[in-house]
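What follows is chain A paired twice: with chain B in the first complex and chain C in the second.
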Partner chain A sequence: MEQKLRQEAKALLEQNKVDWIIGFEPGSLKFTATPLITRDKNDTERLIINPFIVNNLADFLTGIKGRVGIVAKGCDSRSIISLIQDNKIVREDVVILAVPCPGLIDLVKIERLAGKDRDELDDISRDGDKVTVTVDGQKKEFAINQTLFDHCLACELPTPQEYDILLGEPGPPAPELEVSGQNIAKLKEALPAERWEFWQNEFSRCIRCYACRNACPACFCQRCFVEETEPQWVMPVPRWQDNLIFQIIRNIHVAGRCTDCGECERVCPVNIPLRSLAREMYGIVDELFSFKSGMDKEALPLMAHYEQEEAEDLFK
Partner chain B sequence: MADKKVGKKDIAGLLEQWSQQFAVFAPSKESGVAAMAEWDGKDISFLDWYRNTVVPPKAIFLPPMEELFRFQKGKEGYNIEPPPKDKHKRLIFGVRPCDARAMAILDMTFEQALEDPYYLSRRKSAILVGLGCTNPCESCFCTSMGTSPTDQTNVDLMLIDIGDDFLIEEVTAKGKELIAKTSGLKGATKEDEAKAKQAKETAYNKVTRKLDTEGIKDRLLASFDDEEFWEKTAAKCISCGICTLLCPTCYCFDINDEMVKQEGTRFRSWDSCGFPNYTKMPMENPRQEKWRRVRQKVCHKYEFYPMTFNVIACTGCGRCIRLCPVNWDITQVIESVPARTEAKK
Partner chain C sequence: MAQQSEWEPKLLGFLCRWCSYAGADLAGTSRKKYPANIRAIKVPCSSRVDSLLIIKALRLGFDGVLVSGCHPGDCHYLTGNYRARRRIAITKKFLEYLGVEPERLQASWVSASEGGKFAEVVTEVTKGLKEVGPNQLFSERKLDGTKTKAGS
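So, the complex of A and B:
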C-alpha cells in the first residue's frame, strides 16, 4: 500500500495534477506519525500508512491554496466531503488517495492495558483481530476492540466512498458501537445533577488552548465566536463556566458538520472527553434530521440551507 | 556535613510533617491530568511515574488565570480593591530538574526585567524540592539544554533515587534550614553517596535525544527573513496553544476586565504567541501568517532570550514534542535552521 501511495503521489506532483501532497511521514517519537505537507516530489518517498496515522488531514485543506493530493482514511474522506458540501473546497481541487482503514490504535488504551507508559513499550503490532504489545521482551496480546480509538469502533465508513485513487482492498466496517459508546452511556444513565458536576470538573482543567477547535475540520470559521469582543460571548479567561460554554457553542456550530472523527478528544492535552459531546450531537442530528455529514457530496449542508416547508413552519 | 536520606516508604510521613508548615504541592492525576496539586495527605503514587507532569509547575506561580484586582465604579471614579495578600508558604515536592531550570528562567522575566508582585509573592516564599529522574522519556533532551536528570542547581533540596531511599542533597540555605528542622531522617553512608553518583550517571546516559545548539542564535538571526524555511517549518502546525501554554518557560499573558453593572474584576490569564489574535491591532496584524508566529516562538526561545538574558529559554522538557497534536518537534526544527552561509544564498 505504501509503495503504491508513494508512486501515485509522486506522479501527481510530476504530472502537475496537484500542487501539494498531504499525507503522513514517520513521527519523531515511538508509535507516532506526523503530517507531511509538501510540494517536493522527493518527499513522497517518506509517505507511510500504519495504525498510528491519527490526524484528520482534512483539517489542512481550508488553509492551503492550490490543488491537493490528500491521503484519506474513511473519516478524513467524510470531512473532505463535508467541506465540499459547505462549499469550503471544490471537489475538482482535491485528489483523494483513499486508504481502507482497519482502525487506529489508541495509545492511551494501550498504556492502560499494558500498565506501562508508551516510552517503555518495545513494540506494538497488529495482526487481524489481535494487537500484540511487547514490553521487556514479553509479548502481551489484546483484542482489537480493546485497543482502537472509540471513534474507530464507531466508524461507519472505514474506506472512503468518494475517491480518485484507491490504495488497497476495502475492508468491512467493524462497528463495535456498544464498546465505543460506553462513556456516553454511563453519562446518560447519570442524574442531571451528577452530569452537571461531571462536566464542571472536566472543564475546570481546560486551558483554552483551542487545540480541539483548531484540529477540527468542521471548525473552519475565519473568526471564531470565542474571539469576538463585541459582543463578548465568553470570557477568554479559562474559568470552567466559560470553558464549558465555549465547548457547547462549538458543538452547536459543528452540528451537521461533525463526522465523529474524534480529533477534538485526541488532541486535548488535559484529557477532557470531548468526543462524548460531539458524538451525542452527531446522534441527535441523525435522529432529528436523518442526516449524517460527509456521506454524500451532493447533499445540501444541513445547517446552511432550509426547505420551503421549514420556513413556513417557522414563520407562521 | 554529611547528606541525609529518607526511605521511600517514609515520604508520606515527610510530606505530612512539612504540611504543618507549608502548603505542600506534589504531582497528582486527581484532576484528570498530571499536574502539581495540593497534596491530599496520602497519595504518593507519583514516585512511580517517570514522565513529567503535563501541566508544568509554573502553573503554581503563574496560574492559568488569576484575579489581579476588583474594582467598583463610584461617584469619584474607580475604587480599586487589591486581592487578599497571599499568605501561603508553598513547598513544591517532586519538581523535575528541567522544570526547576524553567523556574529560574521565568524569574529573569518576572524579577529582573520587571518586578511582578503577583508572581514574586508566591515564588519568593516557596521551597522547591527536586526529584531526580531515573527513566528519562524519549522526548527529554535536558542534557543538551544546560541541565540533567539529576541536576540540583535550581532547587532548594534535591532527592536522588538510591533504591529503597532517596539521598537528600541540601542545595540552598533555605533547604538546609528546612532539613535541620525536619525529624525522622537518616544519615547517608559513603555507600549511599556512591549509589547516588552511579544513579546520576545512569540517568544522564539514558537521555538519548540530543540537540546541538552551537551557534543557534546567529543561525536564527541570519535566517530571520528566510520565508521559505519558515513556511516549510510551520506547514503542519495548527496554531493551537499547547506547546506554549504548557511550556514551563513560556510566560505570555492576557489581561481582561469583566464588568457587571458597576463592578468588575481584572483577570490575567495565559496567552500564546501562536494565536493569530495575539498581535491583532485595530488596523494591522504583524503576525497574521502562521509562519511568522511559529518563527516568533522559536526565535523568542532560542534567539531573543539568549540576547537579553544569555540563556536559551528551553530546558528540554519535551512537553511541546509529546503533547503537540501534529508532532511538531522543536529539536528537528532547531537542527534544520540553515547555517549562516546557506541562509545568505
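So, the complex of A and C:
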C-alpha cells in the first residue's frame, strides 16, 4: 500500500496533475506520524501508511492554494466532502488518495494496557484482530477493540466513498458502538445538574489553547467569534464559563460539518472528553434531520437547507 | 423560603418584528394578562437569533430565553423561520445534553393575530421557569460547593 502511494504521489507531481501532496511521514517520536506537505517529488519517498496516521489531513486543504493530492482515510474523506459541500474547496482541485482504514491505534490506551510509557515500548504491531505489544522482549497480545480510538470504534466509513485513486482493498467496517459510546451513555444517565457540574469541572482545566479549533477541519472561519472584541462574546481569560461557552458555540457552528473524526479530543492537552460533545451533536443532527455530514457531495449543507415539517415538537 | 416566593424569573424574549412582536402588541391592546417577567427584544426575524445570543443571555443571568417567530410557511422573508427552527432545535438539544434544564430555552410560533397565544406562551414559559428556579448555571462555585451570585 505504501509503495503504491509513493508511486502514485510521485506520478501526480511529475505529470503536474497536482501542485501539492499532503500525506504522512514518520514522526520524530516512536509510533507517531507527522503530516507531510510537499511540492517536491523526491519527498514522496518518505510517505507512509500505518495504524498511527492519526491527523485529519483535510484540515490543511483550506489553507493551501492550488491542486492538492491528499491521503485520506474514511473520516478524512468525509471532512473533504463536507468542505466541498460548503464550497470551501472544489472537487476538481483535489485528488483523493484513498486509504482503506482498519482503525487507528490509540497510544494512550496502549500505554494504559501495557502499563508502560510509549518510549519504553519496543514494538506495536497489528495482525487482524490482535495487537501485539513488545516490551523488554516480552510480547503482550490485546484485542483490537481495546486498542483503537473511540471514534474508530464508531466508524461508519472506513474506506472513502469518494476517491480518485484507491490504495488497497476496502476492508469491512468493525464498529463497536457500545464500547465507543460508553462515556456518553454514562453521562446521559446522570441528572442535568450533575451533567452541568461534570462539564464545569472538565472545562475548569481548559487553557483555551484552541488546539481543538485548529485541528478541526470543520472549523474554517477566517475570524473566530472568540477573537471578536465588539461585542466581546467571550472573555480572553480562560475561566470555565467562557471556556464552556466557546466549546458550546464551536459545536453548534460545526454541527452538520463534524464527521466525528475525534481530532478535537485527541489534540486536547488537558484531556477534556470533547468527542462526547461532538458525538452528541452528530447524533442530534442525525436524529432531528437525518443528516450525516460528509456522505454526499451533492447534498446541501445542514444549515442551508430545511424541510417543511421537522423538529416541530420542540416548538410551542 | 420567604425569599423563594419573592423571586421572579427574568425571561428574555426575542420576538420577530413581523409576527410575534405584533402578537405581543395585540396581547397588550386587547388587555390580555400575562406575566411581566418577559423583557422583549425586537429582532428582524427569528433566524436573526444566533445561538451566541441565547447562551450570552444565560451567561448574563437571565433565567430563560424565549425565541418567537412567524409560523412555518408564514415568514416575511420566506424561509427565515425554517432556518431558525434548525438552529434552535440543535441548540436546545445540545444544551440539554450539557445539563441545562430544557425550560430555559423555549421557542414558539406566534403570529400577529395571536395575542391570546402570546399571553399563553409567556405564562407557560414563566411557570416553567419558576419550577426550575433561578439560573445558577454560570455562577462561580465556592470550594464547599455552595454558589455565589448568578452571572458573576
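Here is the rule we use: the second predicted complex is superposed on the first by the 304 of 316 C-alpha atoms of A that agree within 3 Å, B and C clash if a C-alpha of one lies under 4 Å from a C-alpha of the other, contacts with A are read in each partner's own complex, and residues count from 1 in each chain.
The definition used in the following text is that a residue touches a chain if its C-beta (ideal position, glycine included) is under 8 Å from a C-beta of that chain, and two chains touch if they have at least 3 such contacts.
These numbers were taken from a predicted model, which means no experiment stands behind them.
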In the overlay, answer first, second, both or neither for which of chain B and chain C A:N55 touches. first
Should A:I248 be classified as contacting the first partner (chain B), the second (chain C), both, or neither? second
Per the contact definition in the header, classify A:L302: touching chain B only (first), chain C only (second), both, or neither. second
For A:L288 in the superposed arrangement: first (chain B), second (chain C), both or neither? second
Okay, in this complex, where on chain A does chain C touch? 188, 190-200, 225, 233, 241, 244-245, 248-249, 251-252, 255, 277, 280-281, 284-285, 288-289, 302-303, 306-312, 314-316
Chain B residues within the chain A interface of the complex: 31-33, 35, 50-51, 54-55, 64-65, 135, 137-139, 235-236, 238-242, 245-246, 254, 256, 258, 267, 269-270, 272, 275, 277, 290, 321-323, 325-329, 331-332
In the complex with chain B, residue positions of chain A that touch it: 27-30, 32-38, 55, 59-60, 63, 117, 119-120, 201-202, 204-205, 207-211, 214-215, 227, 235-239, 263, 266-267, 269-272
Of all residues in chain C, which touch chain A in the complex? 51-52, 55-56, 59, 72-73, 79, 82-83, 85-101, 106-109, 121, 124-125, 137-138, 141
